[in-house]
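What follows is a short report on a single structure.
Chains here go by letter, A, B, C, D, E and F, matching the order in which they are written, and residues are numbered from 1 within each.
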Amino acid sequence: MDSDIKIFAGSSGKEFAGRMCQYLGINLGKTEVIKFSDGNTYVRIADHVRDEEVYLVLPLGLDPNNEFVELIFWMDAFKRSGARYVTAIVPYFSYAKGDKKDESRVSIRARVCAECIELAGADRVITMDLHAAQIQGFFKKPVDHLFAGPLLARYLKTILSDNSVVVSPDAGFAKNARKFAAKLGVDFAVGDKIRPAHDENAEIMQIIGDVSGKDAIIIDDFILSGGTIIETAKILKKRGAKSIIACLSHIPLSEKGVEAIKKSDISLVVSTDSINNPRVKKSDKIKILSVAPLFAEVVKRMHNRESISHLFDNIPEEVFIASIRDI
Amino acid sequence: MDSDIKIFAGSSGKEFAGRMCQYLGINLGKTEVIKFSDGNTYVRIADHVRDEEVYLVLPLGLDPNNEFVELIFWMDAFKRSGARYVTAIVPYFSYAKGDKKDESRVSIRARVCAECIELAGADRVITMDLHAAQIQGFFKKPVDHLFAGPLLARYLKTILSDNSVVVSPDAGFAKNARKFAAKLGVDFAVGDKIRPAHDENAEIMQIIGDVSGKDAIIIDDFILSGGTIIETAKILKKRGAKSIIACLSHIPLSEKGVEAIKKSDISLVVSTDSINNPRVKKSDKIKILSVAPLFAEVVKRMHNRESISHLFDNIPEEVFIASIRDI
Amino acid sequence: MDSDIKIFAGSSGKEFAGRMCQYLGINLGKTEVIKFSDGNTYVRIADHVRDEEVYLVLPLGLDPNNEFVELIFWMDAFKRSGARYVTAIVPYFSYAKGDKKDESRVSIRARVCAECIELAGADRVITMDLHAAQIQGFFKKPVDHLFAGPLLARYLKTILSDNSVVVSPDAGFAKNARKFAAKLGVDFAVGDKIRPAHDENAEIMQIIGDVSGKDAIIIDDFILSGGTIIETAKILKKRGAKSIIACLSHIPLSEKGVEAIKKSDISLVVSTDSINNPRVKKSDKIKILSVAPLFAEVVKRMHNRESISHLFDNIPEEVFIASIRDI
Amino acid sequence: MDSDIKIFAGSSGKEFAGRMCQYLGINLGKTEVIKFSDGNTYVRIADHVRDEEVYLVLPLGLDPNNEFVELIFWMDAFKRSGARYVTAIVPYFSYAKGDKKDESRVSIRARVCAECIELAGADRVITMDLHAAQIQGFFKKPVDHLFAGPLLARYLKTILSDNSVVVSPDAGFAKNARKFAAKLGVDFAVGDKIRPAHDENAEIMQIIGDVSGKDAIIIDDFILSGGTIIETAKILKKRGAKSIIACLSHIPLSEKGVEAIKKSDISLVVSTDSINNPRVKKSDKIKILSVAPLFAEVVKRMHNRESISHLFDNIPEEVFIASIRDI
Amino acid sequence: MDSDIKIFAGSSGKEFAGRMCQYLGINLGKTEVIKFSDGNTYVRIADHVRDEEVYLVLPLGLDPNNEFVELIFWMDAFKRSGARYVTAIVPYFSYAKGDKKDESRVSIRARVCAECIELAGADRVITMDLHAAQIQGFFKKPVDHLFAGPLLARYLKTILSDNSVVVSPDAGFAKNARKFAAKLGVDFAVGDKIRPAHDENAEIMQIIGDVSGKDAIIIDDFILSGGTIIETAKILKKRGAKSIIACLSHIPLSEKGVEAIKKSDISLVVSTDSINNPRVKKSDKIKILSVAPLFAEVVKRMHNRESISHLFDNIPEEVFIASIRDI
Amino acid sequence: MDSDIKIFAGSSGKEFAGRMCQYLGINLGKTEVIKFSDGNTYVRIADHVRDEEVYLVLPLGLDPNNEFVELIFWMDAFKRSGARYVTAIVPYFSYAKGDKKDESRVSIRARVCAECIELAGADRVITMDLHAAQIQGFFKKPVDHLFAGPLLARYLKTILSDNSVVVSPDAGFAKNARKFAAKLGVDFAVGDKIRPAHDENAEIMQIIGDVSGKDAIIIDDFILSGGTIIETAKILKKRGAKSIIACLSHIPLSEKGVEAIKKSDISLVVSTDSINNPRVKKSDKIKILSVAPLFAEVVKRMHNRESISHLFDNIPEEVFIASIRDI
């Protein structure tokens, strides 16, 4: 019986949570958020939650600082209201990018955020395609780390030719590209930027691996300006790729980026609704699969004390159908 | 020797920290802050801080969520860089307003912020005129709680007539108004809103205490829209007050509020630079004392292991002069 | 079904807990407390509590240090015995007074106590009329903060004339007095002590607001010697108040205080049984309402996962009747 | 240079701390303690302590609950005042007795106290002859565990005959008695209570080991009523012991106990001033060695970054002389 | 209903957990442990445990470092898998020996282990006959401390003569020996090593108490080389003891120790299976009672929310029978 | 002045710490470690450390569980001995491999270890080439993450031809290989295993990128059996590579691995002494650079409050010379 799953949404998660509730056939919990004129955020839970297991949906997406502060206030509000077990559902965790010290004297921002979220009251976090899998270890509490890959792969299979190749835009994403290629049963290649000997500033892109005559799928976890994948697409074309698809877990693409993609060699962008990005309009060239049904299925199984470990081996039909309904 | 005091500034504290350094005759520490196109904040310390005692100035003011997130990243960056003792200087702590559960199922936001600041690495906090003195107790680490009152009172004494009265705009601020009146050696009165019997919605303002023929000083810790003090000023006029001054510790006044104050019965606003509020222009009607010299003097005494407890009994001449230099 | 609510009592809470159990129709849990000849306190739970939700009643009242130490030992005993969820019911929290740094180099005692109570094992605290609402924020765990006001107001309405005024004995309690006056639908006034110019030591009391010909209700959260309210009563009489009632949330009144009140201008004292104060005998002049039914009703609703947020808007008839049964 | 050792005293530690300061030739730090009429304890540090290493002396002795609460308030006050390193000197730790679960559903009180002391701010604890050495492990912070044994043994050697025996009053103290006997170079014996077959209630005392014709030294860590050692003395006499000395680390003896000891077979009691027990008057029959010089020497060595590990192998002459000055 | 008790086993606890499951009539949970060629231990839970109460059996026995590391990995794995309540069953806790600072500058290893086990995720620990009862206090979480004594005593009663004596091999174990003697209704004696005056190195063993013509039972919590009890047995023989039994809670006896015991004056060794020690073969001379049924009974009662406090007063018949089945 | 740097060594760090001390011209601190016959590890610090800054060197290498337990005991011992600041120097952190949840219901072992090391007392950690840079974020305390790369590159430059290529043995290490190639100013390539369509089990290795006629340098962070790099070497040969060097940060190579490498196509192995691996003998085919001088230089700069951020841009001559002295 799922009737008592209690899902609430923060400001940036209203639509996503709504889609989860639609999948589950339940109503979204009532909340109130005020952003005061002095910039203060105020949150209030309007339903009773004493001794309940609750889920709060709030992607840290296009406005991560405001969203993060709202998130920790929600956690505290739920705990102080006596909720028994509070799960933060964060489909996109923007600060995952700050996962190491690339330079001296910087903060490991993903760890700071993780600790504050737990301190404020989260008993568990559900998120998707973190910038690095290690970020799970920044949390002390259980993290359920979902993957968009199986869903995206299943969709791509419906549109791909036999002669495809998965391309990582740089060496850092090579391992994930390798796995994705294996899932699709195709080859993979890696993009690389090199600097010719006599010119200090210029960098030229090369592709390591064979792409000629193939349908290329550039994959990445997210894009902002789209610059790298557009450049990768250009060189892929040069190297003889037949067509180019970009496949992204998250799409926090900027306004300019949207324009640049339109003019690029990329014929199709496939991504998810993990961020509610109003700049990205669905179209023939942009397909946005919903991962809300996937998150909803996970919540349902958790609630019924079922395992979720096999969910990603074989995406259930009803999840897939719900995901592509409004593509 | 104060030469080795190391003061750094976050985005919103550059000017304030600059004034502190000017008072102390030292250079501001070097830092780098980037706000990326995806909304992520990135901070980096450009000077060495290993084993140093450092001060980071960052008011949580007009954009508190972005400022708060930047603050906790700074704390983490300093700690991970090996700084020995990190003091957060937060001249205005916007979320102090969220200091209790006024309603069911809300967050105690000031406590959440206090805990995260400590978790992220602050060893001490210096702040001023918290919305309630109890908020010191939200911190586990030492808090040095400064007061603008003595400085403001000293300034007001230079311009006040003998026949003055301090007015609290509501019952909640009565105790502070009482203390301020005692410091100035004048009477005090309290504003109150009442609701006539037959009308559910309307409220009318009354003044408890005698103000007729007196110069009234309305005091409050901060104003946003200015609505309450403007209304209080109107009724004070009606009750025969000769002139009306508003005296505020912090001034996060909105654009509209600035306009409303201009048109109001208030002849002078006196406040401080605890928030860098570009909407508030200094003028004949608005005097902004700098509390940066006061904070600087506190840091100097701390650094020299001197007590700061008597500083507020008797504001040193050099602090006062520096405070009103650019009034 | 409330049959499995498990209420236990510490030494100072036996009577209060007994009244709660009477209201709920259950038996008090069995415990043993020994105060050894060397001053050591020893506590033992005599009933099974493994995996139970338990409530421990122990006001920090007339002997707060001994009571506090007993309280933290109870918390530890319950946790080490495997109780699942331990709620400390502290009808009066004496150390709430130590809620800020009034002077240099003192302890914020309420925070110290709050932290130790949580550290020792409390999962939730239920208390009433804290000296400041902010003290909720000294706790990390949920605090249910009850109010005696609605109950006291309901009782006062049965005995008050139409022409009444609520008086705060000083500026610090003005806000609460304001609220209480609003609840009763009457005016309010504020007591203030001033110091005439030529005499350093003497202070004289004045009343800000109109009280002439009215029935005055002096309200405060608690009284020790009764000095302030007796003095306030005297000046109220001078200003023409018809009769004077004192209304207090908690009454840790001293022996001397009891005598002083008897001889004063106060015709009636109304308070609660939040502290078991044997010095205060019920009489025509002293009415002690029991708040135990209120606490019991809160526990019952918590146990049934019901909300308690509306309880104070409208005190249930059975709670009110039980409260005044032995007045 | 010891001139900057800063020693402060809580209420129960004034005399002890005074003796420490006398040994060190320094002045005791200034403090203020108020016990209010409502039982609340208030503490204030009157000297500056910012960034200082401070020592606070407060035995948890004859009134342990009040003393414990005062202790944690001191810890918090020192930390909030910016003291860099706070050492709690607790010559007697009364709650050390509550070091395990002897029965079901009790508290491990020594652990609760240890945790609260650390939580409140202690960076280190110096104490003496804990009821069990394991209690050091209840603290996370460093504990310097001093021993009265070497000092007491050195004194006893000056008055003992060659033909002595150390007697443990029960099996539980046998190990310590064994060690003390070895230090004195004499035999040891153990007291035991047995219950004759046909009588359920009566217990008779026996001695395991040979005591006939010897001078017996009963040793224990502390006595309250003195019952056990008096009974042991009686049976020792019966078994032919020549004389009986009682040697105790701490002496929280009750009024009645003092009387009982006077009338008993014990000819001499030797103990220390770890507790300020006004009931115990020094006399020919009662010798109280001061351990304050020992604690002072430890503090001095710590302050000079010297080791204290060899101090107990060979008590320095000046410490011994200071210890027996006012015996 | 016990059907849903979930018991899992670490490497060193397979057999013990198997015996527990046999007693309870349930299946052991599925797990996987790999010790990689680089010495890394890897653990995986193969059954679902989300929101379950689980028990993990892992004695810290013959290879305590590897076992301890495996234990903390299990705790983390269960917590990250969403198990609701994790109980570590540690029949033997080898590091209990490191329970105090016997020397300067050592670690209190039992505390370190206790803290890490809790940090890693244990919500409760069940163990048996800790080296000192105080070690319970090293844990913040509830510890259920079981005793082998009642079971061993019940077994010994079936084989002992009327004329027996319990012997502690040294003063440190005297208290436990005293208690065990009382349980059997017999006398007790204490072993002691003394050093004759003219020889610095040699130590000779003596027995304090009467053993002549009696059946002696040497008891101890554990033996490694057996040296002390073998020496004690030799002197007991000399003093006229008729027969000698050694009775031990835990038996981490070394290979050499097994040989030494065989050749000694000890006619029978009685111990338990708290450690899976392959060097100790059951024989006429060595009887190993299983305490697994005792642990299983405890788990069963916990699961049914029953008390376990009376279990040790009167060992249930079915537990005793199961314990001696394969003796 | 470096004379007061205090370096101590755990069992597995004696040689490494010795080399550090040799570089610094200081003596190694005195310690004692006992591994008892029951498997218990005991540690003792033989020098005074009160109020000192200390460094404890202990690679978690070939016997990581025993080494880890020893490490946390050291941390506790230093803290309980009053050391002011304790730095754990862990040249190789074996459990870094357990940095994420590759499968359901496993532990994130690197996080567990990191937390325990901090809990036990480490104030800072210095380590080298963690399996993933994110692991820094598993620590709350500062981590100084050193790199072997610059040293290895500088050495390789002395022996490499102009026509070289860096090869990552798989996609997961591509990013690091990319960086290393850039440092050497050469190309890079990636190894990949693929599975031919008709055979489920067999995998064949391919190389993405051009290696023909080049000197190939396979790089990885560590090797156990050497299987992957040997296979990579074979296919590189097939693809026309002229010579093959393997370059590894850490070398926990097994006995079998040593043999396999000898027989392989690899002509030279270059690695470091971060692990004291007695199976790996220095020879013409195996060059082991010492990173102890690098660690020593870092400690020296920390001690002198200098920055270490530029150390890796340009390895100082004296460090390089010391590193290759005994190659």
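Following the convention adopted for this analysis, contacts are C-beta pairs under 8 Å (C-beta built on N, C-alpha and C of every residue); 3 or more make two chains touch, one makes a residue touch a chain.
Since the structure is predicted, the reported quantities are computational estimates derived from the model, not experimental observations.
Shared contact partners of chain C and chain D, listed by label: B, E. The fewest steps needed to get from chain A to chain D, moving only between touching chains, is 2. Annotation: A-B is the more contact-rich of the chain pairs A-B and B-F, by number of C-beta pairs in contact. Chain A and chain F have centres, each the mean of its CA atoms, that are 34 Å apart.
Taking the mean of the C-alpha atoms as each chain's centre, chain C and chain F sit 63 Å apart.
A separation of 40 Å divides the Cα centre of chain E from that of chain F. Shared interface positions of chain B, defined as residues touching 2 or more other chains, are 80-81, 101, 104-105, 108, 111, 115, 307.
Every pair of chains in contact is given here: A-B, A-C, A-E, A-F, B-C, B-D, B-F, C-D, C-E, D-E, D-F, E-F.
Listing the residues of chain A that touch chain C in their complex gives 48, 50-52, 79-82.
Of all the residues in chain C, the ones that touch chain D in their complex are 36-46, 49, 62-66, 68-70, 72-74, 76-77, 80-81, 94-95, 97-98, 101, 103-109, 111-112, 115-116, 119-120, 224-225, 252, 254.
Within the complex, the chain C residues that touch chain B are 99-101, 104-105, 108, 110-111, 115, 132-138, 140, 145, 168, 170-172, 174-175, 177-178, 182, 187-190, 192, 194, 208-209, 307, 309.
Here chain D touches chain F in the complex through residues 124, 142-143, 302, 305-307, going by the rule given at the top.
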